[in-house]
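Shared chain: chain A. Partners: chain B in the first complex, chain C in the second.
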Partner chain A sequence: MSRTSAVLRRIGFALFGPLLAVVVALAISAVVIALIGEDPLTAFQVMVDLGDTPSQQVQSIVVILNRAVPLFLAGLAVAVAFRMGLFNIGVEGQYRLATILAAAVGAAIVLPGPLHVLVVVLVAMVVGALWAGIVGVLKVTRGVSEVISSIMLNFIALGLSSYLLTGPLRGSPPGASIITTAEIPESGRFPSLNGLLTGLGLAAPRSGLYGFLLVAAVAGVLVAVLLKRTRFGFDLRATGLSPSAAAASGVDARAMVVKTMLISGAIAGLIGLPDLLGSQFDYGTEFTAGLGFLGIAVALLGRSTPLGIALAALLFAFLDRAALPLQFADIPSSVVTIIQGTIVLAVVVANEIARRLALRSAERAGAAADAGPAGGGTGGGAPPATGPDGGRRVRTGVPDTPEDVQA
Partner chain B sequence: MKAAALLLAGSMALAACASDETDGGGGEGGGSAAEELQVGLAYDTGGRGDRSFNDSAYTGASTAVDDLGGELQELSPNDDASNRADLLTQLAEQGYDPVIAVGFNYDEVIAEVAPQFPDTTFAQVDGSNADGAKGDNVTGLIFAEEEGSFLAGVAAALKTETGHIGFVGGVESPLIEKFEAGYVAGAQAVNPDIIIDRQYISPAGDFTGFNDPARGQIVAQGMYDAGADIVYHAAGGSGIGVFTAAAASGGRAIGVDSDQYLTVSDPALQAVIMTSMLKRVDNAVEQFITSYSEGDVEGATDVLNDLSTGGIDLATSGGFIDDISGEIDSYKQQIVDGTIEVPTTIE
Partner chain C sequence: MTTGSSSPESDAAGSAGAPLAVELRGITKRFPGVVANKDIELRVRRGEVHAVVGENGAGKSTLMKTLYGEHRPDEGQILLDGREVRFRNPSDAIAAGIGMVHQHFMLADNFTVLENVVLGSEPTRGGRLDLAEARRRITEISDRYALGLRPDDLVEDLGVGDRQRVEIAKVLYRDARTLILDEPTAVLVPQEVDELFGNLAELKREGLTVIFISHKLDEVRRVADSITVIRRGTTVGTADPRATTTKQLAEMMVGSELPLPEKRESTVRETPVLELTDVRVDDGGGRPAVDGVTMTVREGEVVGIAGVEGNGQAELVDAIMGLRPLAGGEIALAGEDVTSWSTRARREAGVGFIPEDRHRQGMLLDAPLWENRILGHQTRPPASRGVFIDRSGSRADTARIMQEYDVRAPGPDTLAVALSGGNQQKLIVGREMSATPRLLVAAHPTRGVDVGAQAAIWELLKDARAAGMAIVLISADLDELIGLSDSLYVMLRGRLVASLDPASCTPEQLGGYMTGARTEAGAA
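Right after this comes the complex of A and B.
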């Protein structure tokens, strides 16, 4: 009986944070919209209007999904490190460098279809992992904070990819305004999922739904399994919660740092690929930048769980698309930026409130059930309970341990 | 989180059900107004309010719409400008015609979208379509920035007292290299031994250099400290930093795109702006819309704006270069005549 109520309570607290955040953000945005002299209700209506005809609606959904895929991968890359207590700000540099090198390799080789794509994907993952690995190695051998080194490596990665693009890897003709790498041939492109859409009886959209959506979904499931169902994932989360406790129970913290950064970087390497293999087919000066930083916001909003990140990415993509209809309705599109910003800010605040409430309630429950054997082991922290509560552990078996690892 | 999203979606869906009248109104507007001019304007990164070429394009488009009647719909891209294709598609789909894309970053996107809307007329500021590769319905509105920059180089070389001048580019890119190449050629035409410091704020692919006054100031300050007394900037919003550095070191600066002597609000900065290289995006856009309304747009061609058309010029506001106007006019005439051929790339 108390078990179910505990589970319910936990789910309640887990949902409370994001829910409160979204409501607060919508309220603040409504006030802002009203202050600039527009009707908030009209604005929200415009944002959810996907179009008049079925094909426009499908197209809107495709636009949202295509935007959500890179955001999801970016959030995932950041979150894996988050869970270990590492703040990988270097995702930006990792994906930019990975994308340009993957684009160059993809354009240089000729292989049969699936193999060609696989090689491009592997190159991107390896480059991203190696670049992130530098951060891990610096941290464990020289004690350099990963925040500092990953920011610094961003600058180097951007400079390096700019050099590669304008120098050795330049594939565009000398006069062209946009400098790009050579184009990836047909065999190296990821087919779109439009066949699937029309097969489901939906209208054909104007642009292709990225096939990379499937890769992102697989990556999400793999990360979820890795975190929740493997020894490695347990060690990772335990180290994130309490490095000293994890070390005491025999986790090799140094190896964990390097491994986690490698995984985070490998996922970061994928961020540019939906665009690269789905619509651009080359890396150029106009290639979407800044996804690595957006990923931090997405991971934060998704509370570092794959499912949460997927929803956060969809929400961000949805808001992003809404910027266009808003402009047609003569409402400044900066409304969207304000909503996105306030949501992230509100999530941080709401998470903290939810955590304190949960902690208090857990303490009360713990005091009541002190006589019982429910407390769990003492040494390495109780096995984390399931539930979408993300990076914030509410019950670690040691209720009054301060938790300070989260960003 | 899931419930949060559901609630959000639910509340929004409710809101959507509440009224459909705005959609209906928009739809009618798109359908019935075959006679009326409906201009769609898609901006590049930064959008409206960049005090640079996006704003300049707006000025031209709104002037044209004021004169000819009709409606102007502007769209700014999202922060990372990943939805450029969407802007063009939406405008064309909603019946806007002509659709004008601002900036060379639309090069690939317009080539994809324009063929999907063969009945819509497109134009691209800063993008060439002389060969028709972007489609038969696309007109390129291009500028001979190198010619105006040549005159800026002439003015700098004539006015410098140290024989040492500078150039600050926003982002290393073929477009900005045209400014650099013209400036260097102009300065060397006056004084072959002149020292020219040249530096870009950000490398290719990193567009922050167009909107980073702090770094603009650092780069320009370095040039003034090294002995340069006149610095020309082709750095968009970062130019304010160049002016600040000029004011701090008693040097002078040359503005770009608009007549920055008139647009800068701070009198201390105004005093250092010797002249500006004018790139009249507003005129080009206005002329394009006018000729569209008169049915004169062919497509698959370029409209070149240069010194001869007045689309490119050197500003004289402030009167700082009045004493050398004779020499500048003579160089200008030689460029228009073709006696001087201005390079577009740096050797």
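Right after this comes the complex of A and C.
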């Protein structure tokens, strides 16, 4: 009974921060919109309007989901490192490098369908993991802050992928306005889930719902299980909560840093794949950028839990979709960026407030429990408080073998 | 507000009727679960060096933080020159003429002496830094109190003694009339100590008041005009250094009344559990923190290690737990060489650990109790099953520990941070005992817990010993050491300098060895 109430209370506090952040962000955005001479209500109306006809609405939802999938993966990659107290800012570089190499491999080989996709996915994960692994190795061998090295590696990764794109991996004809890698053949593409939508009796959308959604969902579940249910996840979280206590409990902090960066990088390697295997089929100068940085915001908003990140990714994707309709309504689409930015700022503040409230409530609960049994008699053989010297002779009902416990 | 710093400077050295420079009346300071100071009385005359002595954890630092405005007392009054003051923060204390020289220097290495001294209270003229005026004042202070500072030296080029004088100059620059020196000799070699005492004499001659925190009794007797002794958070008395011996002071410090617990029959068996052979640990700076420690702990034996904090006990514990690499020597557990084993391997082999600082090493404060049950036992049932965490198993076992070890909390899902210090410690003790380790490393197992919990933990340790557990007990509480140990070592500067029989030795003897006042040729 008290367990469920404690859990409920914790969930309440967990939701409180992000919700407060979103509300505050909306309020600030409303002020900004009003300041530039537009009507905030109209703007919000445009943003939540998904379309008039069922097919328009389905299309809008597909656009949101397709945007949410890479955001979710990016948030997940950041969050895994975050839970251990590592700030992996290098997700951006990790996914860009992983995507171009995966695209090149995917275009270079021909394999039967699922196997082809699997190879592309594995290449992306390995590249991402290795690139992130550099950060981990630098940290444990040379003591380089992961923040610094992962930012630096971002620049190297971006430079490297530009070089690869314009040089050895260039697949587009010379003179084309957009430079891309060679296109991945049909067998290497991830089938869309549109069949599922029509099967549910919904109108077929114009663009396909990324099949990679399923991969992302599996990744989310795996990360949730890994963090919450496994020894490895416990070690990881313990290190994040208190490195010194984790070390004393037998966690090898150095190995954990490398392993965590590898996992974070492997997930980061997946970020570009929904677009690559679902709609683009090649990596080019126009390929979606900035997902790694947005991932940090998404992970923050989602409080580094897979479920929270999924909700945060959906919210960010929803806001991103609204950019176009806003422009049609003659409202600057940068309103979306403003909202996203204020959410991130507000969530940092709100999380701290929520943390303090949770702490205070926990302390109250603890204090109440401490006072409770003391007043109500000694249930579990509590030693009565005696003087400092006489106390040594106090009999307690607490021998070290569980069998002879006196009730 | 404060009374300002316009105190009468004429009544220099202790004329009988003059108001006291500092008077603390009935100061009580509580932290969650602990009473750090209780009814402290301190009376410091103007122009004297007043020593405050006590063991580590006796409450000296808490008291000085109160006087320096770092926190407010829950009860009691602070009087400066006879007038009551209330400090909201250190700035108020500084404005009232109180200065603090911290044990750990707070200097910017790449700044000059001059820049370090003015940092935070830079003299300006027309909005620009007035270094000429600052230089003039620093030179004047340095000359007046014979500090021998050169304003343009870089602090990184200075030795420890000079750095300390920079700290003193910093305080004087802010017009302090009362200086608090927190363990000033801890970092000094004997020669530097002499120099410091020379400086203190200069300060005294100029009518300044010095409060000198220490536990080194010989030094205290050399330099102090009067002494206040603190034990277990409260003042036990004052002493005149000229009329008191070091031994008497030690008795006051550790408590002379000694109701030895009824000595149980020895449970020491033959089988050695832990064997240290010539164990050496570096302090990170190339000097030995643990220097050639050799000892054996047998089944059913409690080996106590006494020592003033910072003499290598923490490093020794780290070495036994595998948290710090050895510079030399060997560690064997139940006959097996574990020198190269990881912490986890050692814990799996049956080493339990009650760390000195439970918040730092013993708990995940922001995690629920059942996750704290898992900590340190990740690889063993009931905390885990294969690679997975056994959530229901550890919840159930946490509930059992809470019941058996009287951990008062709403339930296994409560966050650890919500528990009082005593309850947190009981959870840790219960957790470590539940794995029935062969060897238990207990560092200050009853520090900061209330009397009831202390008695319970003592009883648990005794029962475990009777059941054959080997225990390494490190403590600052000499009663605890003498009462629980089967054999007792004293650690000083990284070495085991004495081996005593707890059945016959007294806290005063122990204190003598701890401070180096006594030596023993036949040390183990």
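Things worth noting here:
Methods note: the second predicted complex is superposed on the first by the 365 of 407 C-alpha atoms of A that agree within 3 Å, B and C clash if a C-alpha of one lies under 4 Å from a C-alpha of the other, contacts with A are read in each partner's own complex, and residues count from 1 in each chain.
Just so it is clear, a contact is a pair of C-beta atoms (placed from the backbone, for glycine too) under 8 Å apart; a residue touches a chain by one contact, two chains touch by 3 or more.
None of these values were measured; they are calculated from a predicted model.
Of the two partner chains, chain B is the only one touched by A:337; chain C is not. In the superposed pair of complexes, A:302 makes contact with chain B only, with no contact to chain C. After overlaying the two complexes on the shared chain, residue contacts for A:327 are found with chain B alone; chain C is out of touch. Contacts of A:210 after superposition: neither chain B nor chain C is touched. In the superposition on chain A, contact of A:67 is made with chain B only, not with chain C.
Of the two partner chains placed around the shared chain by superposition, neither chain B nor chain C is touched by A:131. Within the superposed three-chain model, A:287 lies in touch with chain B and out of touch with chain C [touch as defined at top]. In the superposition on chain A, the residues of chain A touched by chain B in one structure and by chain C in the other are 388. Against chain B, the residues of chain A that register as touching in their complex are 14-15, 18-19, 21-23, 26, 41-42, 44-49, 52, 56, 63, 67, 158-159, 161-163, 165-166, 174-179, 206-207, 275, 280, 284-291, 294, 302-303, 307-308, 311-312, 314-315, 320-321, 323-324, 327-329, 333, 336-337, 388. Against chain A, the residues of chain B that register as touching in their complex are 1-5, 7-9, 11-13, 15-16, 18-19, 22-23, 26-27, 47, 73-76, 78-83, 85-87, 89-90, 93-94, 104-105, 107-108, 116, 126-127, 172-175, 203-207, 345. Those residues of chain C lying in contact with chain A across their complex are 32, 232, 257, 259, 261-262, 321, 323, 342-348, 353, 355, 360-367, 371, 374-379, 384, 387-389, 391, 400, 402-406, 408-415, 417-420, 423, 433-434, 436, 450-456, 458-460, 463-464, 467, 469, 479, 483. Only residues 2-3, 6-7, 10, 228-235, 237-238, 241-242, 244-252, 358-359, 362-370, 372-374, 378-396, 398-402, 405 of chain A touch chain C when the two sit together in their complex.
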